[in-house]
Structures are given as structure tokens and as C-alpha cells.
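Read from first to last, the chains carry the letters A, B, C and D; within each, the first residue is number 1.
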Amino acid sequence: MSGKGVKAPELDVVSWLNTTQPLTLAGLRGKVVVLHAFQMLCPGCVSHGLPQAAAIHQLYPVDEVQVIGLHTVFEHHSVMTLDALQAFVHEYRLRFPIAVDRPSASSAIPHTMQKLDLEGTPSLLLIDKQGFIRTHHFGRLSDLQVGNMIGQLLMEPASLSPSSPSGTEPAATPQTPGGQCSEDGCSI
Amino acid sequence: MSGKGVKAPELDVVSWLNTTQPLTLAGLRGKVVVLHAFQMLCPGCVSHGLPQAAAIHQLYPVDEVQVIGLHTVFEHHSVMTLDALQAFVHEYRLRFPIAVDRPSASSAIPHTMQKLDLEGTPSLLLIDKQGFIRTHHFGRLSDLQVGNMIGQLLMEPASLSPSSPSGTEPAATPQTPGGQCSEDGCSI
Amino acid sequence: MSGKGVKAPELDVVSWLNTTQPLTLAGLRGKVVVLHAFQMLCPGCVSHGLPQAAAIHQLYPVDEVQVIGLHTVFEHHSVMTLDALQAFVHEYRLRFPIAVDRPSASSAIPHTMQKLDLEGTPSLLLIDKQGFIRTHHFGRLSDLQVGNMIGQLLMEPASLSPSSPSGTEPAATPQTPGGQCSEDGCSI
Amino acid sequence: MSGKGVKAPELDVVSWLNTTQPLTLAGLRGKVVVLHAFQMLCPGCVSHGLPQAAAIHQLYPVDEVQVIGLHTVFEHHSVMTLDALQAFVHEYRLRFPIAVDRPSASSAIPHTMQKLDLEGTPSLLLIDKQGFIRTHHFGRLSDLQVGNMIGQLLMEPASLSPSSPSGTEPAATPQTPGGQCSEDGCSI
């Protein structure tokens, strides 16, 4: 968690659920942002990733940690529609803001997913108070690991200071091998 | 498990997955049939009912126990389509035959769901070798309970005999209170 | 489950908990007996075997299925005493009858454990209404498997009849490789 | 996690397992200390507390976070002996240092347990790099909560500085109601 990573590119999405107005990463400076990329038909997202995101949303005050779900559909596009997502979110009682990634005209991979260079779903990104991506993980991370990383990010100052670390690498996180959907996730 | 229950009405369905030809209850006489009614957007089905059905399918030889999934959509009809179900079944690696209940022109409740008088999803029906419904349960049953009931049904003779019990009531199973989707299931 | 197995040798034990008078297998003819051999310091027994035994005890009427715990100490004899077992049974809220296997003067393996030819703990023995061992398993069996086997045994007649099967082999159950304690159990 | 809490009193123990030489809190200044108080016959410790302590021990480098188990026997003293604990630690494959609290001549409650004012087992204490108790919890905390708190403590400086917060209250943690052993723990 010592490195600054890269600045998170802004979300490029077409719809929002569970929020009265769209969120922007720029508007969330000063908070730790937990961005959970998922697909509603990804088993690892349903069994592990989304419950973890919901637990984070429940544990932290929203003025300190903002959980955002990002529906990044890269397969079965015709059935993972906004209507379907709305029914899914209703039935699974998800309460945190969820954005729908903007479909690409030329690729199966939607725009934000491309910009974030995600490998599949579930993916977890932790963005610090200054907007840098500090954790970028495809697959499963334990609650202990995620809690630890959020706790560390919360202790950092909200604004840039001359003594802040820079030029270092983001913390490496273990990678889950991909190749379609496994128990842990769906890879591109 | 002592009673004979009622004769299971024939399935009235529009599509089948995971089988080269449609199944009929009449054609399954001599086997114990495990009929698992579910919806792909029912959390209790995804977390409990379908994994239990898959475990049953894996444990028993198919010439003794036939597991059938029945997709009984009674809400969110526009998004729980056949295409969506196919993607769901593919991603969740379900291997047992799954039928799509026939939609009703006049009701949200599809035909077989009405004929079987189901209260919601997940529902588990155990049908004996002679075609009688012996267990009819809405909500969650433990693996121990379900294994016990299937084990008992397997010990019964395949054909009617003069000494077989009749006129008694089916075994009562505990009921889960309904009212939309809860952690355990979705009620009508 | 088609074979008759061998007649279960009588228990040879020194103490009983959770029962006002000692049980004998001979006195349980007509019931299915679930004999769960365990050690209080065996992790697989604590996490899996004993909860399964407790669930069986809770599910079935005691006039149909008798659960018996058998404390078969074959290691750490000096600390797995009767006093320690009593504290353990109290803290873990175990309600079914538990017997303490008789220590051997010449071996680390206690008497009943030797007579039953157990490989370690946890071990599950299912004894039919006529006193034959029908399942003899070291390690973990799923609730679905155990429920299925008990259900089948319950359907058998309580007394010997001329047409009963004989001379066949007991059902094979999957074996867990041994070698001290693993997550699943402790082998001799 | 903003308050400093009270200085942790030194451990008063009679034996150590899994360490070649005794540890002292004074000797651990500069590290975050995770002190897990347990009893080997406490079901909530075995099912939840000790696995959590083992996961913490595995996740963090020992030069940053020191996990210590503290065997605080306040009931069943005659059977939770050092020999029994050694067998328990061996069978459960616990790897982190474990201390045995010093029995009291005048009370069922051992010395360190009294000094720390513990309510029962499992109890989790998080001690910061300067030796202050920052979390003091009886019962169950989620991995997300514990990871978050450790992550925050890791970000604090190792030595006192003039600008360090002081005079504030320790973070409140949810309390589990006590009264003998429940699923979550054993209270005094």
C-alpha cells in the first residue's frame, strides 16, 4: 500500500442505480473509493464479491468510504440489460450506488472496463483520497486483506502534501488465473 | 414419508436445457424424481436450492434418481427469458435437465407452477417411483432431510402392489413464511 | 446399501454421558444406530463430525434412530480424560449419549476401536435394525450421503425374514487418506 | 480508532508455546500487537477466534504485526492444563506464540485476564506501536473490522510525537452479551 499507483480515469457510464444523482470520482476526492466491478451472471461476484462490497458499504460511514458497483458486461450482453440489473439489484437487496459501464461500439469490453484495464469480474479497485488507484485486483481477496487496505488508506491525508510518496509502484495483489468463469470469477 | 400424496400432474413446459429430448413424469416411472422449482433471480435458489439440486444430481445414478430443474418465472418476466436462463445455466455450470414453465396468458403464475400449487421459489418436490408427490416444500430443507427422504423413496417398490399404503396424507414439511423474496426464497 | 455387512460387535466401554443407563447394541435392535467415533482434540470431529451427529440426533425420533458418540482416544491419552470430556460435552452442548471406549493395557488403541477396526477419527458407522454394520467410514461424509443411507436403513424391516439379502458385501464408502490429523480427521 | 486508550499492562504468564523465548509487550514496541485471549474448550474460540488469529498471523509480516494467543482459563481449570493445551495446539496446527495466563491463588480468573479486565473468551485486544490498547472486544468481530483496525494502526508512527492525539476515548466496539458459553463465546 505504499505506492501511489496511477490516477484513476473518470467513470464513463450510462446509468446509475441506488443514487439520486450520478457520482464522479472527481467529486469523491477526500474519500476512499471502493470500486467493485461485477456482472450479474458472474457466480464469483454473486457469492463473494457483491456480499463483500455490501459489507464494506455497511461498515463504513459514507463520508469516509464510498462503495460503487460497476456493472461491466463483457459477455451475454443481450440478457444483462439495465432492466435485468434492476431486478437483480432489487432481489439481492443491494443498497450501494451501482453504475452501468458504457457499451463499446467496437468491442465486447465496455468503456470504463477498458480504461481501467480490468481482466474480468469480480475486480476490486481501491482508490485513495487523492484519486490514485492503490489496489487493482481480479478475483477474490479476503475480508481481512480488504479491511486492512481500506484502513490504511483511511489514515492517509485527504490532500496532497509535499512529503507525500510518489513515483513508487502500487502494491502488488495476488492474481487469480483467468479463462472464462471459474468459481472465483469470469475473465475476459 | 408414509403417505402416498397426490399423483403429480404432468409438466407443462415450453423449453428444455441440458437434455436432448423433453422429459415427462410419465416416462420416469420407476425412478425417484427430484423436481426443483426456481427462478434465476431468486437469491435463495442460487445460494441454496440449486447447489443442493446439483449435489443430488451428482450423488445418485440417473437411472435411480432424476433431478429436474423447473424455471417457474412469476416475477420480472421480461428479463428472465430463455436466453437469460441459458446464460445463467452456462455460467453456473448446471448439468441436470432444466425445463421452462409455460407462461400463462392470464396470470403472472406459469402453468405448471399453478398445477403444482407452488407457493414460490425455491420449492422442492419429491415424486416417488409411481408418480405420487411425497414431499412438497417451499423454502429450505437441510441436506440431511432431503437425503433421508430420497433414501426412503428409493427403498420403495417400483410398481403398485395390493399392500401399498393409500389414502393417507403426505408427510408434512416445515413451511417458510412467504412475502416476496427473503434470504430463503421468493414467495408468490 | 444392499449388503448385510458384519454383525456389529458389542460396545466395550467404561463410562457414559448423557444417559441415565448404559446402552448396548443388543438392546437397540429394531432401531438404526448411528455410531460416531471421535476424539475431543480431533479438529475434523469438532468442525464436521460432531455437528453432523448432533443434527442427526435432532432430526430423527429416538425410537427410530439412536445416535451414540464413542470417545475413542488413541493419542494424547493423559489429557483426554473423562473429566476433560465432560467439560467438552458441556461446553459444546452435545445432547446425545456418549460412551468412553475402554483403554487397552497393551495398546494405544482402545478396545472397541480395535474390535470395530476403525482407522481413526471421525469414523461413522451405521448399524441396521438387525445389528449389522452397513456403513463403516473414516473421514467426512456429506449430510446428503448420510441422510440417504439412514433413510434407506429406516425402510428395512426390523426383524430377519427368509427373503432378506445375505452374503453380499457392505456398501463401499469413499476413504480419506490417513496419516495423523488432517483437516478431515485423525488417523491411527 | 482515534483514541489512545490505556497503556497495556505487561503480560503475567507462566508458559509459552511456539516461541523459543518469552515475549513481552515492552519488547514489541514499534509493532502492532494482536492479543487473542481464548480457552481451548471455548467453542466460539475454536470456530471463530483462533482461525481469525491464525489468518492474521499468516497475512502480516511478523516485524509489523505480532499475534499472541493468551490461554486465559477461568473454568474447567483441572482439565485445561498445559499438557492439554500443547496437544490442542499441535492438533489444530496453531503456529503463533501462545502464552498461558498465570493462575490466581484467590480467584478463578487468572492474573493477566484480571489486569486486562476481560469479560470472557474469545477476547481480542489490539495494542498499538506505542503500547496502548486501542481495541478491547469480547465476542466476535468480523475479519473486515479487524483488518480495518490493524490497517489503521499500522499507519501510525512507531514513536510518540508531540502532535499525537491524546486524552480521547478508545473506539467503541460492539459488545456480545455474556452469560456462560454461547455460540460466540464464554463469559465470566
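Basically, a residue touches a chain if its C-beta (ideal position, glycine included) is under 8 Å from a C-beta of that chain, and two chains touch if they have at least 3 such contacts.
What you see is a predicted model, and the numbers here were worked out from it, not measured in a lab.
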Overlap of the chain C and chain D neighbour lists contains none
The chain whose C-alpha centroid lies farthest from that of chain D is chain B
Chain B on chain D, rotation in degrees - Cα superposition, rounded to nearest 5
180
Distance between chain centroids, defined by C-alpha means - chain A, chain C (Å):
49
Per the centroid of Cα atoms for each chain, what is the distance between chain A and chain D, given in Å?
34
Multi-chain contacts only, two chains or more: what residues does chain D have there?
none
Quick one: label the inter-chain contact graph as line, ring, star, complete or other.
ring
Sort out which chains touch which and give me every pair.
A-B, A-D, B-C, C-D
Using the touch rule from the top, collect the residues of chain C that touch chain D in their complex.
41-43, 46-47, 75-76, 78-81, 83-84, 87-88, 91-92, 181, 186
Can you list the residues on chain C that touch chain B in the complex?
1, 52, 55-56, 59, 142-152, 154-156
